[in-house]
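Letters are used for the chains, namely A, B and C, taken in the order the chains are written, and counting of residues starts over at 1 for each.
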Amino acid sequence: MVGLSLGEQNFIKGGIAQDLRTDGRKRLAYRPIFVETGVIPQASGSARVKLGATDVIASVKAELGKPNPSHPDKGKVSIYVDCSPTAEPTFEGRGGEELSTELSSALQRCLLGGKSGAGAGIDLSSLSIVEGKVCWDLYIDGLVVSSDGNVLDALGAAIKAALSNTVIPKVQVAANASSDEQPEVDVSDEEFLQFDTSAVPVIITLTKIGKHYIVDATTEEESQMSSAVSVSINRQGRICGLTKRGGAGLDPSIILDMISVAKHVSEQLINKLDSEIAAAEACEEETEMDS
Amino acid sequence: MASMGGPNDLSSEMELDAFRRLFPICFHERHLLESIRPDGRALGRARDTTLMLGAVASANGSALAKIGCTTMLAAIKLEVMTPTAEAPDEGCIAIDFHMPPICSPLVRPGRPAELAPVISKQLSDTILRQGIISGMINLKDLCLVSGKAAWMAYLDIYCLDADGALFDAALLSAVAAFSHLQIPVVSFNDDGRIVLISDDNSGAMKEKEPVNKEKIKLKLNNLPFSLTCILHKNYILADPTSEEESIMETFLTVVLDSSFQLVSLNKPGGPGLAHTSSIQECITLTRQRVKEVQKILQEAISDMEVD
Amino acid sequence: MAGKSSATPTTYSPSLSGQKKKRPSFLTDSDWVRPDGRGPHQCRPAFLRTGAVNSASGSAYAEFGNTKVIVSVFGPRESKKAMMYSDTGRLNCNVSYTTFATPIRGQAPETKDLSSMLHKALEGAIILKSFPKTTVDVFALVLESGGSDLPVITTCASLALADAGIMLYDMVASVSVSCIGKNLLIDPVSEEESYQDGSLMITCMPSRNEVTQMTVTGEWSTPKIHEAMQLCLDACSKLGKIMRSCLKEAASGPQD
């Protein structure tokens, strides 16, 4: 919890009303995004995203698993977020748990689409190896290292970056397997498949402070919010998920307005993120060459 | 306390509710003197009892029992198991009693009520007592194919509202759920697993011999019924409410079966000691109660059959 | 747990034989025929009653088709967790399922998530300042799960809060819509939820026209969201009227 004096509170609110925030940004401007990929060598893919003082790490681990009987032709993805106790004083002990569950379920809602798999950022059928027998299980873990507001957007960006960094080994299935046995699979350690992340949406959280809404709020700004709406939007400008956070009620027309603003912001964010990810990948390859 | 006589003097000056909360024992004892209880019952009378069978659509057998405000929802789900080597022709019954946080201000999430496992154990002891022959259910009736498949009956009882005499209500709902239980028509499929045969696809399944021809009801013998009484001084209060239970702490629970044989008698400690004569009296009260409850159960079953 | 034999054997629930689970017809983009014969924009009949649990400060029972929920409200009472002084009240929510709530025993969904969603849906409607230093506990038990569980829980919880006399800005009503192919289906049942391409849930205070919670999953275009939101909001205001009449009935009816 941020303790702000009345003067400071008014300063933040007044600044937002005049479209000039305390750090000099406009209402709909993001802080500089810094992306680094391949930060965890053991993982199939990983990335670190810094958004101002907010610092998160996402890792993707692919393991062979058995598909769910109700969806035999699909792989499985699980998303779990952990809030490091060092990220914020209130996360100490079990304090971060509630936020962790909230973030995990918000990310699942934003990235995994509907029950039938439509609108999912990650195409689950591409994870299938042998229908009903073997598939890839993706374990996506997010870690909040340091929190200065807008953790959800940062995690969304980190997962997108980690997925584009992810390589999944090619798998050979033994042809002679009979129908009821578990088929033998041969995991190649030379050939890899790149993950298609063009459909992975970005998450944009609009925080309502006073009459206006801002993107990428800092912790100080978040302490003044009345409510926030997180929208995940893909490249086609379609909405892939939405969660309202924060207590106070919102007029339905405001929500619709927020959605259209988020849509507008998403185009810039996707482009910015894509170029950052590409730069980070290039940078990683360079260091590999050097070593 | 210096003013032990105080409460009696105060009773005329104080509001009723305040007196009830501040001097609960005095409040109740003054009622008992007049042979009546705060809710207007005679000492030996149980509260109004209702039963509804088939309350849970997704279960194979279910019942909702209400004794006064105490409400219990029992449901039985049948699953298939491979019988154990020791008893290849017997099914199994697993009984669980739950007190979710909705039922009482004393239960909070994450911390289960102390009472729940106790009642759970008491219920299993009563329903599954003494093995096969003299029990309420013949476990052999739950067998499908000896050594291969048998029913596992999961009986879950949820307390929806806790207002005293929880065991009585739980047992009643359990017995009623077993009376409502119907064993579905099943057969083996190609993988050797048991599958259900529904009415509309039975034609297509003609080539498969069903294990049982039609839905059957379990044969129940000697249904157990119980009555919990409070022993306080010379008084015996049948079917206590939670308020009475919290003030007067000596209980005696008698379980009789439908032919009035004693199944169990439980007096879990408590500050009061029980005279043989008062135990006798409790048993007499229970006999009357069993007749009453049997009638209610019969009515509930015939109501069900009319529908 | 007590009452189980020491070595509980592994069991399975027998599935229906013969027929393969019927593939949903939405693949052809034809009109989806609802399993219970409702129109696509028709809600299930709602049955609401207050005062279901006597030992609670307030309670309500809700039955929407096969979805049956009881919610008890306790408090305002002393906060159990050792907490700092707070001049606003606290809200504590918990959702649990009975073991027989789902067709297959013990397959209840993640309740931690539901609890926090319920908390968010309600907190905006409660005047927390009216009970400083204390906690109001809202406990929900899903007796049977038949689809649209969370909206039913939220609606029922709001009614229970009103029954307990907790100060509210307004009652909240909650409705969800499933999107299957081209069809928007309001108040979906479990079967429809398992086939859905997307879902949208709105919790709102009907007389203030304020949304306290909204979630969307799956891919949606903006006009579709408009349409679904309007459907939900209309259904919420209807539901709000039913809730109101239920409370009025309880207040004017004979006390027993």
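Structure notes:
Going forward, a residue touches a chain if its C-beta (ideal position, glycine included) is under 8 Å from a C-beta of that chain, and two chains touch if they have at least 3 such contacts.
Everything quoted here is computed from the prediction, not taken from an experiment.
Viewed as a network of touching protein chains, the structure reduces to a simple linear path. Of all chains shown, C has the CA centroid lying nearest to the centroid of every protein CA atom.
Taking each chain's centre as the average of its CA atoms, subunit A and subunit B sit 50 Å apart. Computed centre separation for the pair subunit B/subunit C is 29 angstrom, with centres defined by C-alpha atoms. Among all residues of subunit B, none touch two or more other chains. Residue ranges on subunit C touching subunit B, taken from their complex, read 1-5, 7-19, 52-57, 59, 66, 70-72, 74, 77, 80, 94, 96, 98-103, 105, 137, 139-141, 143-144. Residues 56-59, 62, 69, 71, 73, 75, 77, 79-84, 92, 94-98, 100-105, 108-109, 117, 120-121, 123-124, 152, 154, 156, 158, 160-163, 184, 186-187, 189, 193-198, 201, 204-205, 208, 242 of subunit B touch subunit C in their complex. Subunit A contributes residues 70, 98, 101-102, 105, 109, 112-116, 118-119, 227, 229, 234, 238-252, 255-256, 259-260, 263 to its touches with subunit C in the complex.
Partner subunit A is touched in their complex by these residues of subunit C: 112-113, 116-117, 120, 123-125, 169, 179-180, 193-200, 204-205, 208-222, 225-226, 229, 233.
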